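The structure follows.
By letter and in written order, the chains are A, B, C and D; residue numbering begins at 1 in each of them.
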Amino acid sequence: MGKLNIVQAINLALAEEMERDPNVVILGEDVGRDGGVFRVTEGLLERFGPERVLDTPLSELGIVGASIGMAAYGLKPVVEIQFMGFSYAALEQVFSHAARIRSRSRGRYTCPMVVRTPYGIGIKAPELHSESAEAFFCHMPGVKVVVPSTPYNAKGLLVSAIRDPDPVIFLEPTRLYRAVKSEVPEGEYAVPLGKAEVHQEGGEITVVAWGTMLHRAMEAVEGFDCEIIDLQTLKPLDEETIINSVKKTGRLVIVHEATKYCGLGAEIAALVSEEAMVYLKAPVLRVAGPEAVIPMARLEDEYMPSAGRIKKALELVMEY
Amino acid sequence: MGKLNIVQAINLALAEEMERDPNVVILGEDVGRDGGVFRVTEGLLERFGPERVLDTPLSELGIVGASIGMAAYGLKPVVEIQFMGFSYAALEQVFSHAARIRSRSRGRYTCPMVVRTPYGIGIKAPELHSESAEAFFCHMPGVKVVVPSTPYNAKGLLVSAIRDPDPVIFLEPTRLYRAVKSEVPEGEYAVPLGKAEVHQEGGEITVVAWGTMLHRAMEAVEGFDCEIIDLQTLKPLDEETIINSVKKTGRLVIVHEATKYCGLGAEIAALVSEEAMVYLKAPVLRVAGPEAVIPMARLEDEYMPSAGRIKKALELVMEY
Amino acid sequence: MPLKTIGKFEIKNLQVLDEKGEADPALMPGLSDGEVKKAYEAMVLARTFNSRALSLQREGRLGTYASIRGQEASQIGSALALEKEDWIFPSFRESGVFVARGYPLWLIFKYWMGDERGMKVPEDQFIFPMSVPVSTQIPHATGAALAMKLKGHKKVAAVYFGDGASSRGDFHEAINIAGVFRAPVVFLCQNNQWAISVPRSKQTAAETIAQRSNGYGIEGIQVDGNDFFAVYRATKEAVDRARSGEGPTLIECFTYRLDDHTTADDASRYRTKEEVDEWTHRDPLLRLKLFMEKKGLWTEEYGKEADKKAAEEVDGAIKEAESYGAPDPADIIGYTYGELTGRQKKELKDLGWES
Amino acid sequence: MPLKTIGKFEIKNLQVLDEKGEADPALMPGLSDGEVKKAYEAMVLARTFNSRALSLQREGRLGTYASIRGQEASQIGSALALEKEDWIFPSFRESGVFVARGYPLWLIFKYWMGDERGMKVPEDQFIFPMSVPVSTQIPHATGAALAMKLKGHKKVAAVYFGDGASSRGDFHEAINIAGVFRAPVVFLCQNNQWAISVPRSKQTAAETIAQRSNGYGIEGIQVDGNDFFAVYRATKEAVDRARSGEGPTLIECFTYRLDDHTTADDASRYRTKEEVDEWTHRDPLLRLKLFMEKKGLWTEEYGKEADKKAAEEVDGAIKEAESYGAPDPADIIGYTYGELTGRQKKELKDLGWES
């Protein structure tokens, strides 16, 4: 197969899963004829036909709600929400139904569906095209949340998400879509949900990040002895990998784009101060978005955690 | 006035504010003729008429969205959402608009509105009548989140919320509605937003709670030397009061009903491990809901943090 | 270049059986005497279940309950027009639908006693758990219908919701999508005139809910919801159309909620006794009984027998529901995901819920 | 007890000016020659603004932009029918509306350059910032209109949205509520036939968007959206009705998006050149020009003059927009709340954004 970018890797995962399982269907706005605004579903309508790839009306609540019925009936819908900022209309369907139908029916009905959506700052598009609201979904028992960071794990994680028996929110960092290329084997392989990856080993500071911020962190750690953890799955969290790393390093810096207050970084910091406090040599720092609305294009780079801000945090924890 | 319960205190606050400011209007399902399913708005339609108290169609998205237009135009809408579990359809309007219109228009337009909703486990009603999703709103820059715990602060906080220039989510613990009574002065007084209250002074453990869980905590602390902080405002957080207390006690236990993962307790724990870690003598513990959907009536008491579970946490931190 | 009419539309109301029990032979659905009796007995059973649920609630043996009295024809007339393999998506006020499907009564009691196990739907039943958030179940029906169509199954999805539900976005988006894909789904609006204290006239400025269908390019009709035959006929036609690929239908059952909204409500705060009395005379059971009497299908003794059988069945169900063991706290966590998460295993231990 | 018709409804289409520029005198709105010229000039200005925005984007001097070419009559014809104090709630594709309101052009450029200050609406303008999430602005208009009514102000709210927006719950809930309270609001659907790659025919199975009005018990009409006079007339009538307390109207402007969805889109992937060409001949500016020529209101020289004035105004606006200083990072935080929170003050310090 050779080197692919994330758009191509996801497209390949979708194609292979649709080949493998006739119950996998794709629906969303502009996913068919147009191949999706990021071209992630390009060619799939032509290949699998309009029964498997549905161009829907402009109706986020409706298509997510309908997917719940489809999933309960026996399909495996993969919904595309054009941008995360437009998923909010569907939050009730995800939280009140997708996340609860298994428990509500004591297992009689389940909801194996995937909601894919481009996420984060990245393409200088208009307002609400740069959202990082992963914490909402992380606070919903019954859903899983996944964020790839490379073409390799993008494919492997999406395969796992599609095969998962429960609803999975699959967040695709727009900034990385075409920015990273890597070897992506064709055919069978899955990156398991619920497992973080130690992206780089190190001894003095544990850095936890995901998606775009993983790459930011990699720029920043140079000159420090950092262990970088790529969460991959934000919920359920791979607590063990984080805690073991912190027990080793005694220092933790978490990086995310979303506003800091009640972001996922808070949970990770809380987890560590609950389970590994005695190992901590320095305060746990979060490098995250400020308490503000994500700005439009002109200011978005200022909003986003920069390598410089991450470096500052690393220096700070090293003072202890 | 004498002793009132929380329902009466909120009703009084609404009446007095409507008296004071002709721009204050109430809208929601069954808030008029019926006086609200909890009777919080009882008598207001009769007193202020159908131009000030609007019985709306069953339309959470619509009434919250309409309130944004009303607020921008110059009214001060106080919306009632019948139960927090039904506010999810309005999340997009709150997050994408109410929270952003000031910043989007660089201050030309603002959104001074209050969304009141009964919240938490308490009345053994059907599914989705016992939600504790405060963390969603806490993660939205541009909104404020308030939870009263007594009739006194219920009135004072609501007055402040109505007078606030920004959107305020006002969460009313159903379990406390008629369970607590206290002196509530008539007329002018406001409990400021953004200030927590040290409900009880103590030296060895800081216990942070709000709403129903404040009362649970009070049952549990007996026999321990606890400083109990009633947050009152969940966003923006009174960081100073929490940190000063932890610097004094060196131990922190946070109690909330919501599922633990990415709940507000995580933010408080993270804040402390960032700002006051060196003062900590023990791990920061969160006593919260498990990773599960809030169950129906038969099991709701098991789900909710019990005095026993809180005690266990207090004992645990005292081992350090 | 004129002001020209580009579309014309009519909305119809169907009544087959009048309040005196006279049926219009031209409109009568083809039902055997046996089927008519079965329907009557289901309506009696539903009403018996309902009144016992209300008294159990008063005795503190059951939680908040939403009464269906007055809506038996709307619920049972429509449910009986579906095949066993068709899927049903009910709201929280659909006891009659469960009864018509032969759903184990003790499970329905169990559910209203606040126990999720009541909605652990038996494998041979194709009904979704009741949806508490109003209207949110409507898109599920559209999705299931789409799945049936995509899989080439000749099945139909039917979804129940109220007049209040018609004001929500879910209603709109779900029906519009169903229209676009011609999904085999029947939208059954139980217009019982009230959404708690809000009358239909304040729910929308439109004359009927049925006329919304035109805005989605689908079939629509209003039926007398207290007329078993009208409801059955309209639903059967809609189901047949859906099954044969002709797309969705919106049916407005014009009926009335005779009791309080739920046991937690006091309807006397917002509606008059006169209004309720007037509708009490339109009782759907009474109407079917009058018809059957004329046909010689209903006799004093048959009536007694039917009441007795219903009472016995309901008694048995209550005994079963109450004898059933208490729920296991571990189940709070156990059904969240297909497998327990690490955190959940820890929580089960910490909470002492391990088995 | 029959199958009886209980409601009849007709949907009309209004055209005043045909493609040859012939107007139906009986339907012509009462506009002075001066007003017609003003309208034409606004349309020219809007188109000039639009084409310059597109070229700036290609040169990398402006961000993603949504072209309005082809929709000038729909936008300007409706906006000019409103009074200065009426409130407007636009979507992201409403440059023509801003132009018609005399909104400072340089601010619109600024906005599309990715700068919030472009939507710091001048105090004498009553237009909301563009709404990016499709359809979400519709409830705001209903609310503002309700506020106008409650305060006894004789004003009207007008909201613009597309054909795609009509599939969303916001559309439904906002219009239904407006109907119930007879709020003074005009719902202006810019049906430009496409929602990115999704054609109107796949957006809903209904023949028209206008016929949805019947489902809400409000007035509705479809107008030729490339006919300035038809749009103006229908909007004026709706605005007058609203202002005099007769409630809301849904107007479907039947028009066409001649360019790509946005500068990030390539429409050739999903629609034919033939279709676009056909609509190019229905150009709303051309049509108004033909009419004015016949009336002697348009001459070569007048046309040149109008183009020149527009070009100069747009040039000036671009210069202004580009000369304007860079935004202050502190503003990211500064406008979140009426006052800075403690955390925000700390963040301003940590980020070195304090002034």
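Descriptive notes on the structure:
We take it that a contact is a pair of C-beta atoms (placed from the backbone, for glycine too) under 8 Å apart; a residue touches a chain by one contact, two chains touch by 3 or more.
Worth saying up front: this structure is predicted, and the values here are computed from it rather than measured.
Among the other chains, C has the CA centre that is most remote from the centre of chain A.
Taking A-D and B-D together, the chain pair joined by more C-beta contacts is B-D. The geometric centre of chain A is 36 Å away from that of chain D, both derived from CA atoms. Distance from the chain A centre to the chain C centre is 39 Å, each centre being the mean of its Cα atoms.
A straight line joining the Cα centres of chain A and chain B is 30 Å long.
In chain B, the residues touching two or more other chains are 56-57, 59, 61-62, 85, 88-89, 92, 96, 103-104, 127-128, 141-142, 236-237, 261, 291-293. Residue positions 116, 133, 167-170, 173, 176-177, 180, 202-204, 331, 336, 341, 343 of chain D are each in touch with at least two other chains.
Shown here, the protein chains touch in all possible pairs. Those residues of chain D whose C-beta lies close enough to touch chain C in the complex are 1-18, 22-24, 27, 167-173, 176-177, 179-180, 182, 202-208, 211-212, 214-218, 222, 227, 247. Put simply, chain A touches chain B in their complex at residues 61, 85, 88-89, 91-92, 95-96, 99-100, 103-104, 127-128, 133, 135-136, 138-139, 141-142, 235-237, 258-259, 261-267, 269-275, 277-278, 280, 282-286, 291-293.
Within the complex, the chain D residues that touch chain B are 87, 89, 116-117, 119-121, 123, 128-129, 131, 133, 136, 138-148, 150-151, 157, 169-170, 173-174, 176-177, 180-181, 331, 335-338, 341-343. Those residues of chain B that touch chain C in the complex are listed here as 29-30, 32-35, 37, 55-62, 85-86, 88-89, 124-129, 261, 290-293, 295-300, 302-303, 309.
Chain contact summary for the complex, chain C toward chain B: residues 63-64, 92, 113-116, 132-135, 164-165, 167-170, 195-198, 202-204, 264-265, 269-270, 326-327, 329, 331-333, 336, 341, 343-344, 347, 351.
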